[in-house]
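Structures follow.
Each of the next two complexes has chain A plus one more chain, namely chain B in the first and chain C in the second.
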Partner chain A sequence: MDYTPLILSLQLAGVTTILLLLFAAPLAYVLVFYPMRGITFVESLLGLPLVLPPTVFGFFLLMVMGPEGVVGRLHQNALGSPLIFTFGGIVIAAMLHGIPYAVQPLKGTFAKLDRRLLESASVLGCSRSSAFFRVVLPNSLPGIASAAILCFAHTMGEFGVILMIGGSIPGETKVASIAVFEYVEAMRYQEAWQLSIALLLVSYTILLAVNLLERKNHAA
Partner chain B sequence: MPLEARLRKELSNFQLDISFSCPAGELLTLAGPSGSGKTTIIRILAGLDTPDSGSIQLASRTLYDSRKKIRLNTQSRKLGYVFQEASLFPHLSVSQNVAFGCKTPSLVPALLDLMEIPQLADRKPARISGGERQRAALAQALASEPELLLLDEPFSALDIKTRHSLQQKILRIKEQLNIPIILVTHDLQEAAVLSDRIVAMEEGKRSDGWLKRFDGTVLPVSDRNAADHLTAIKQLPGDLSSTA
Partner chain C sequence: MKTSSLPAFSLFLVLLCTAAPAAAEKLFIASAANFIRPLEELSSIYRQQKGTTSTLSYGSSGKLYAQLLQGAPYDMFLSADKDRPQLLYEKGLCEAPFQYSAGQVVLWSRYTYPASSSWQEVILQGDGRIALSNPDTAPYGEIPMRTLQQLHLLQSLESRLVYGQSVGQSFLFARSGAARFAFIALSQAISPEGQKGHYWSIPESNPVEQWGCITTHSRHADLARDFQSFLTTESTRALIRRHGYL
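On to the complex of A and B.
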């Protein structure tokens, strides 16, 4: 049994989760505390991955990140290699597809914060960015952990978008969900079973962690 | 370092339209019933709300001027602000809270001593009482070495003994710091004990009517004869807030 796809899935989920949180946390902070004009349009755009079929979302990304797309051409010119069919490419795709899974729970967490804490920080000379690091983040750790686990779980199950952007290159873009699909297509059910059970266990552990964290939050 | 404020703001039920001044080393109380615009004024002074027009001058610094289009952001105003319910940072200990906006670390233990809470330095806010939290909040406000101190009904949720103790602290602080202090309260007794000047207000404007209701006499309320009305209020019996 080849566990490389499962390891690749774990690596993809880990890298994507870290990068996504670094991007989504300040974004959610701005959306909650400093909403600008036209914010509804931005929020609707960010929520698209929730409603678009992953293959359609992946198709749009392919058009942008492919060799003829704006981003793909820029990448090719800068680094001399294509962006699609690479691990980096699927990380970007998984990040973009996972934005609402990070932003929504973070927004919920930040919205629960007592706004007077931010006002107090501001009165004490704290800038908005400083207040984010010194007040918002330390008081949102359980919510951030929940968001991280959800992002990780969502990326572990990512299929359509990865298939469109990464294809199925062993050791590079062939993640567990794609490997299972290929095993089933080839009627290699034993391998499909083994990998699926491994994915099931990982996913269950993750959901268990989310639920335990949420219970802890409610108790606090 | 006097404070001069002239503020106008359209609120949902009435128009806030008021001007007042407070010299350095004095405590001015904005007194009035709930919903009269007191907290809005103090939030405007802090830069947490914006008036429709007017100006706020603190010594040589213009904090706000609608005509000159000047609006200094909150963090640049050099304020101390004690909220009605102490908003200490829950993830920090009392001493870390006091040190939050402090640029002179040696001030922290001195302020904890002044507030008589050095034994609470390592405790988190959730593990101390309401009165202790307000002491810590006052220490936190002073640690940032403010040029203007704003107190928004800081003692209203405290028992009488704790309230009196903190009022004494405020009087000591007023003597030691040469900065204007603005207190918001609906408790005339508290105003009488602490204030050099009282601005009584109702529905966003100066009003003697609110004071009149307590004993049927219009107390002289203006910046010019503060001493007279303080004397008058101090002669009133008991805790007047209970009759409000």
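On to the complex of A and C.
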């Protein structure tokens, strides 16, 4: 039994979660604390991945990320290698598709922060960016954790978008969901079972660990 | 909701449920993705001639075959190979298979290469990805895969292969430029979209024998048999040939 697709899924979910949080935390911070005019337009745009079918999302990405697309060409010119059909390519796709799963919980937590903390920080001479790192982030750890879990879980289950732009390359873009799909299509049900059960166990273990940690935090 | 509007709303729901027209006699055909264009044309001709409409469903042959094993409600299965209809027949899931066409695999690219080059020269000179349909489920991926193996080209090209779920997706990969080449059906290469690029024939690869069958659980077996004989008339065969089949 080949477990490469499962390991690839875990890698994809891990890398995507970390990069997405790095990108989404400042974004959510700006959205909550510095709302400017026209913010509703931006927020609606960021929510699109929740609404768009993965096929539509994937089709757009294929057109934009290919060597003939804007992003694909920029990448090719800058780094000399194509973006589409690579691990980096599906990371970017998963990040874009996961934006609302990261931004929404983070916004929720930031909005609940006690504003007086920020005011005190400002009075004590803390700049906006250092207030973000020294006041906002440390006080938002539970929200960051739930954003991370949502991103990770969503990316583990990513299927339609990767089907559209991955090209099913073993060890590169053939993640567990794709591999199971192909085993089923080829009627290799035994392999489909094995990989599915493995995926189930891994997913359950992660959720269990998260819930146990949360319990411990609540008790503490 | 105000209570006074509840009866009216219920009536609306009831009407909604009963308003569906009595099911007309309709054929449900599952076809391999390479045969989309001729089949759409044929089904519209058939509707004009006989008044029977058909619902068409597309996918790789392997995918449709797996669905049929699970009792998918198709009246007819048009595969891109000989084996799958034969296996269904042996399992008692369909009537005796019939051949309806023979396709050809070609190499396609949206980019221009010297006109005199053969497909092997082009594919070995050019870099970039090569799209191939999943060889496990799509005959149009299986046949070029076998050709690459026989010519000992697979080892040098394997790292450049990307896999589409059907010949339709393989074409999309190459059409969008995401892949530089794709192994597709000649019928796709001579379609209006396919004419936006170039294709090379592959003399080393066998024709793709395409067989079909009528499912045993079909509730419109008579209609399906009529469509089968329509598929084998001389004028239909001529139309299929115009779409790039032998």
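Criterion: the second predicted complex is superposed on the first by the 205 of 220 C-alpha atoms of A that agree within 3 Å, B and C clash if a C-alpha of one lies under 4 Å from a C-alpha of the other, contacts with A are read in each partner's own complex, and residues count from 1 in each chain.
Following the convention adopted for this analysis, a residue touches a chain if its C-beta (ideal position, glycine included) is under 8 Å from a C-beta of that chain, and two chains touch if they have at least 3 such contacts.
Predicted model, so just to flag it, every value in this text is computed and none were measured.
Student: Touching A:D2, do we find chain B (first), chain C (second), both, or neither?
Tutor: Neither: A:D2 stays clear of chain B and chain C.
Student: Kindly classify A:I84 by the partners it touches after superposition: chain B alone (first), chain C alone (second), both, or neither?
Tutor: The second partner, chain C, only.
Student: Figure out whether A:L163 sits in contact with chain B (first) or chain C (second), or with both, or with neither.
Tutor: Only chain C is touched by A:L163; chain B is not.
Student: Scan A:S122 for contacts with chain B and chain C and give back first, second, both or neither.
Tutor: In the superposition, A:S122 contacts chain B only.
Student: Comparing chain B against chain C, which has contacts with more of the residues in chain A?
Tutor: C
Student: Identify the partner contact of A:V135: answer first if only chain B is touched, second if only chain C is, both if each is, neither if none is.
Tutor: first
Student: If we count contacts the way the header does, which residues on chain B are in touch with chain A in the complex?
Tutor: Listed in rising order, the residues of chain B that touch chain A are 46-48, 73-81, 83, 85, 87-91, 100-101, 140-141, 144.
Student: Show which residues of chain A lie in contact with chain C when the two form their complex.
Tutor: The touching residues are 62-63, 65-69, 72, 82, 84-85, 163, 165, 167-169, 182, 184-188.
Student: Over in the complex, which chain C residues touch chain A? Could you list them?
Tutor: 60, 62-63, 65-66, 69, 128-129, 131, 134, 136-137, 161-165, 172-173, 176-179
Student: Spell out the part of chain A that touches chain B in their complex, as residue ranges.
Tutor: Counting only chain A, the residues touching chain B are 114, 116-117, 119-127, 134-135, 138-139.
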